[in-house]
Amino acid sequence: MIRALEPRDRDHWQALYRGYQAFYGHDRAPEFYDKAFARLMSGDARDFQGLVYDDGGLLGLVHYVFHPNLWRDEGVCYLQDLFTSDQARGRGVGRALIRGVYDAADAAGVPNVYWLTAEDNYAGRMLYDRVGQKSPFIRYNRPL
Amino acid sequence: MIRALEPRDRDHWQALYRGYQAFYGHDRAPEFYDKAFARLMSGDARDFQGLVYDDGGLLGLVHYVFHPNLWRDEGVCYLQDLFTSDQARGRGVGRALIRGVYDAADAAGVPNVYWLTAEDNYAGRMLYDRVGQKSPFIRYNRPL
Amino acid sequence: MIRALEPRDRDHWQALYRGYQAFYGHDRAPEFYDKAFARLMSGDARDFQGLVYDDGGLLGLVHYVFHPNLWRDEGVCYLQDLFTSDQARGRGVGRALIRGVYDAADAAGVPNVYWLTAEDNYAGRMLYDRVGQKSPFIRYNRPL
Amino acid sequence: MIRALEPRDRDHWQALYRGYQAFYGHDRAPEFYDKAFARLMSGDARDFQGLVYDDGGLLGLVHYVFHPNLWRDEGVCYLQDLFTSDQARGRGVGRALIRGVYDAADAAGVPNVYWLTAEDNYAGRMLYDRVGQKSPFIRYNRPL
């Protein structure tokens, strides 16, 4: 049910990713999705990869990237985007997608996977506390 | 006073970086420093870069890397390691090093800089609140 | 539907309060409930008061107390316990109980109401973010 | 060096407490201090008590109150205000004041002492982490 994102997923993927962007308050132009999909399909191992939960229709997506870490030769895996459709809620789709990233990370020899989430993303954290481990680390940004 | 890390900095850099690792409770083998320094000197624009605060002697270091972000074509800049020597405390060294990364990020066309810190790193956060902006994002890790 | 706790509520109140204590991992002796109920029924304006959500059966309870605050002559109102039965979820019972405390506090001339909750009480916080306001204050305890 | 606040401390107490109020951004009218001091001197065991650190001059103050808690017959002790003068920093004054409250709480048979502090009160938390224990509890307020 978890499989790599493919070119034929374009429309369903965009519908899901638009929902994710809306969750964070973003209304993106079509070009945003064009670029993101092109990158996900580029085959560049240093750029983002996508997985989907396919149950006949697409119920969820996850995007991740490997990037260097000075403490670890093999680098780390950053899970940036995770989203499931409303009808997928409570069916283990989010959990399966995260585990899909764990498997992909293992296959790449990069076992360390991390993600960031808003402190008040309660629904997300209910899942993350089961499948991941909260760290004491918080994010600071350059003010722009 | 802020300048790129250079091969001649090897010994002083290692003394500083050992202090940083000790702050996080790590006692690293010499090979850890060999590898890290080699990467910092590799010239690979996709791997880590280093800056130092040089006031005759080295008073501080910072390591950063550019990595892809699916939301931004130009990617983001991750500031992983920041450390200043005890004698540098209160002299603006940490602030200057962070600003050095901001400048490097601007020069690379990657204005977004972020870093992670432990929630109870009070001394660090006193600085970070002045030069950066706390986000509501917290880090989750895959349990290993 | 919100009304003061009454002597006839003893059994249903205890069933609810036992559920609340279980949520926090406590298995209390019967005396715990005897004492708590006696205090709630004592009529002492300086001790705890109870409200229930009565919809034929009791669907929820809340306990609160007024206590001095050096910054405010009139003191403050501390909402200590809030619990709703499983069958009450999603029916606005928790919200109505908190509003019941707000009304009682207004009637007592003590408009400031506060409560504490575990940072990872996600279900609770979904409600609290709608009816209350998260403060930046965290609790420290004497180590015992 | 830790002793109960006394009537003769009025002026020095007010200077310290004004500093504390300023720390939280408050510029209080004289009546605020009149009322607070009168309450601290009232002898009412249910209202606030004060301790000072006296080293010839007053170097710090702490205010606390006992209030009911439905989970504990003996109630709890709330430490509301803690402040030390600038010249007292680094001399263990804050720690001694907190321990003074612990002792007073023990003498009253109310061993549980707690306080609240802003998440970003770094200087305070450096002390609190040594003498107290951070809980996972955060404070919500009624929006007024």
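We just call them A, B, C and D in the order they show up, numbering each chain from 1.
One rule holds for everything that comes next: contacts are C-beta pairs under 8 Å (C-beta built on N, C-alpha and C of every residue); 3 or more make two chains touch, one makes a residue touch a chain.
Here's who's who by UniProt: A, B, C, D = Acetyltransferase (GNAT) family protein.
Note that the structure is a prediction, hence the values are computed from the model and not measured.
S.K.: Which chain has its C-alpha centroid at the greatest distance from the C-alpha centroid of chain B?
M.R.: C
S.K.: Could you tell me the distance, in whole angstrom, between the mean C-alpha positions of chain A and chain D?
M.R.: 47
S.K.: Chain C to chain D: how many Å between their CA centres?
M.R.: The computed centroid separation for chain C versus chain D comes out at 26 Å.
S.K.: Which chain A residues touch at least two other chains?
M.R.: 120, 134
S.K.: Judged by the touch rule stated earlier, which pairs of chains are there in contact?
M.R.: A-B, A-C, B-D, C-D
S.K.: Going by the contact rule at the top, pick out the chain C residues touching chain A in the complex.
M.R.: Chain C reaches chain A through residues 120, 122-123, 125-126, 129, 134.
S.K.: Flag every residue of chain D that touches chain C in the complex, lowest number first.
M.R.: 35-36, 39-40, 46-48, 63, 65, 67-71, 73, 78, 80-81, 102, 105, 111-120, 128, 132-144
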